[in-house]
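In the two complexes that follow, subunit A is the common piece, with subunit B as its partner first and subunit C second.
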Partner chain A sequence: MNTGIPAIVFIAVLGLLGAGLYALLISRHLIKVVVALQILVKGAMLGLVLAGRASGQIETGQALALTVIVADTIVAVVGLALAVQIRRHFNTLDITKLTTLRR
Partner chain B sequence: MPASALTWLIALPLAVSPLVYLLGRLSVLKGALVNSARWLALLFLLACGVPLFQAGQAYLATLQPIDWTVGMVTMRLDGISLLLAATVWVVGTLVVFYSWRYMEHETGEEKYYALLIIMMGSMIGLGCARDIFNMWVWYEAMAISSFMLVCFYRQQPSALEAGFKYLVQSAVGSVLILLGIILVFAETGATDLVLIAEMAKFASPVPMLAAGALFIIGFGVKAALVPLHTWLPDAHSQAPSGISAMLSGVVIETALVAILRTTGMLSSISMTWGVLLLGFGAVNMLLGNLMALRQTQVKRLLAFSSLAHVGYMLIGFGVALAFQQASSAAGGFFHLITHALMKSLAFLCAGALMYYLYQARGSHRPLMVDDLAGVSKRYPLVALAFSIAVLGLGGLPPLAGFMSKWQIFVGGAQTQNPWVILLVVFAGLNSVLSLGYYAPLVNRMYRLKPAQVVESGVKPSWQLELPLVIMAAAVVVLGFMPHLMSWLTGPAAASLLASIAR
Partner chain C sequence: MLEAAIVAGILICAFFAIRASRLLVSALWLAGTSALVALMMYMLGAPEIAVIELSVGAGLVTVLFVFAINLTGEEEVRWPAPLPKPLAWAMVLIPAVLLGWMVLPNVQSSLPALMRGDFQAVLWEARSLDILLQVVLIFSGVLGVLGLISDTEPAGEAIEEEGA
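Showing the complex of A and B:
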């Protein structure tokens, strides 16, 4: 059993989660926000595979990760569709300009 | 037989939803006068009542949970799922009927009904999930359908803004839940709630504690626990009124049920989950009420009052988890039912007024508190139903809201714990505070002269008012006879306690 690979994957999970969270916090652009969310979920997905290996249930872990791909793609599609509509009605993709509900 | 009823209950809405869309689309393309989607939606929902009734009857006869296994995933109908499914079904069916008239002038009616049915189906599924990952999938399905419903008025910038805000917060929440699932799965190698609860005793506590915290925060986004609530007032005020009623009446409660399931699963790790929920409950009540006091839009006001009501439910459930007390769990579940009725009624009334005053003329202006002036003169039935709803929410004695709050407070007082009693007193004071914004609404409707906009409103429509009458009658009847619901709340409380007692 090679112990190096899980360690690398673990670092990748943390890296993806960190990068996603950081990107989510600093992005002011709608598309970038959706991308940041995707990076976050990719980290979680890799984590599921890793958890499957750690608990000796590799197949289950992979099956769960596949399900996450489906659910998360739909979220991305809806998010991007919303971004298109927002571009149409606000004429901008800058989050700080969406202020109709600020009070 | 019971398992097949459960199969139908879960599968029917999911199978029906695309059908409603396709047939509705066809009737639009054929240029039919009436969109067939609305008839189909109502018929299928009424059909859903049959498996719900059968499964409920089978469960209540023995009080043994009904399991249905598909591959590796088990669905389980217990008291909590039955209560949630029944609440979702009743509110959803009334909302569909209400939407016939309310959504009549909108384009894409068939999408509305299809999404509404899938949202109801995913909530029923979430209640029945016995597998933590499966629960996440249902939760995502519910979230995605509700994003699209919140921005249903896609010509309106504010609806789009609310929808995007909701999407981002909810997506981050679901990643947190996923991280919790990863921790639990890595520790125990199981995703089954019952199995995890068995194995949690032997697992190392730190990852499990972290997982519990992640579950509370993740589901808490949808349940509108206070620092995570910022999507709620926007989404509730921008969605079509029927959807606001669903969001506030059942969606946030569904997330609460998910919190109860996951914390119940991890209860052998620590008994402090209940205390945590009590803390969130106190903050929710105070902030919800204070924010509601300064709102000028009716639907935003009602949205903030949902925060306060989540707080009352959290008090009931928190006491149940921390002290293993059945009576306050039953109180929490009873408040879940009455809140679903009262808050949906309030949103539907606000929606009816919006329809009469603005929407029938093609305007999507929000209903302001000032617009309520003298509404009772022109729309007496809506004004009466709205008054019953808001006074019930405020907890005035002969109405349902008083009974459920009372049960929660009594449950809290029975613990004999000074801190909990202090919290109950605080909740009672909050209830009084909430009358500070409910009572002026009633006063405005009955005592002021009709405003210009009210005078020029359209004639009332029976299709909008029939659901209001049914719900208002239910609120009054439950206030006088709260025991009518104990067949539902008792088993639910027992199921909750069974999941934490070990």
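Showing the complex of A and C:
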């Protein structure tokens, strides 16, 4: 079995992607959904850096990972701001109860 | 082996970030995941992005989570899952096993020698479109947050209140 560093990091990528996807599927709390998205994106980011390093183009991997970090942070900011507003207007953070965005 | 220990730490932190019933504890485990992912990136030879991930992922995002949890209130998360858990496990495990089965045999046994190029040149010249995208994302994110955080009444209700 391949037990080199790339294989170990690839297992971390698979684990983070799997954990994030599982949490996304079973979470009903809006803030937990944002946590799940963060974990999912960390797996993708680590995968980009690993791919860049393995192909000898670490700078390209880093540049792509930087874009992912920016997009991920914006998603977290907007998701958390949305959670604050939904809590204020609907008094719940259960996403299954949100059938409308109007008060 | 240090890499294996870091990977184990990443997976344990991610597991507890998902499993924690208290949101604040979940946010702290997420910060731990971010810090260990940053350490792994540094060990892979990507120090620039590791620093950014450490400051943004483990710092800024954690502060945002604590701020949001403070505003929404800490509540125990014990609602039943929207999907049956065996179905969720199947939807995660089948693609993960297939991906691992197809990719792992082709992964190199060791990393090639690190050839450090000019990160700034790649970022500002070869990936200039990404920079433009990041600027647009940050701008739209700021506008979105300004719209969401503002505490104005919807137009319909404001008119009703004036009429009353």
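Going forward, the second predicted complex is superposed on the first by the 96 of 103 C-alpha atoms of A that agree within 3 Å, B and C clash if a C-alpha of one lies under 4 Å from a C-alpha of the other, contacts with A are read in each partner's own complex, and residues count from 1 in each chain.
Keep this in mind: a contact is a pair of C-beta atoms (placed from the backbone, for glycine too) under 8 Å apart; a residue touches a chain by one contact, two chains touch by 3 or more.
This is a predicted model, so every value here is computed, not measured.
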Which superposed partner A:51 touches (first subunit B, second subunit C, both, neither): first
Contacts of A:83 with subunit B and subunit C, given as first, second, both or neither: both
First (subunit B), second (subunit C), both or neither touched by A:74: both
Of subunit C and subunit B, partner touching more subunit A residues: C
Subunit B versus subunit C as contact partner of A:60, first or second or both or neither: both
Partner chain(s) touched by A:19 [first = subunit B, second = subunit C, both, neither]: second
Those residues of subunit A which subunit B touches in one complex and subunit C touches in the other: 17, 50, 52, 54, 56, 60-61, 64, 67, 71, 74, 78, 82-83, 85
Touching residues on subunit A, where the partner in the complex is subunit C: 2, 4-12, 14-23, 25-29, 31-32, 34-36, 38-39, 42, 45-46, 49-50, 52-54, 56, 58-67, 69-74, 76-78, 80-85, 87, 93-96, 102-103
Complex interface listing, subunit B residues touching subunit A: 72, 133, 137, 140-141, 143-144, 147-148, 151, 154-158, 160-165, 167-168, 171-172, 174-175, 178-179, 181-183, 185-189, 191, 234, 238
Interface residues, subunit C side, partner subunit A - complex: 1, 3-4, 7, 10-11, 14-15, 17-18, 23, 26-27, 30, 33-34, 37, 40-41, 44-46, 48-49, 52-53, 56-57, 60-61, 64-65, 67-69, 71-73, 75, 77, 79-83, 85, 88-89, 91-93, 96, 99-100, 103-105, 107-112, 114-119, 121-123, 126-127, 130, 133-134, 137-138, 140-141, 144-145, 148-149, 154, 157
Subunit A residues touching subunit B - in the complex, by the definition given at the top: 17, 24, 30, 33, 37, 40-41, 44, 47-48, 50-52, 54-57, 60-61, 64, 67-68, 71, 74-75, 78-79, 82-83, 85-86, 89-90, 98, 100-101
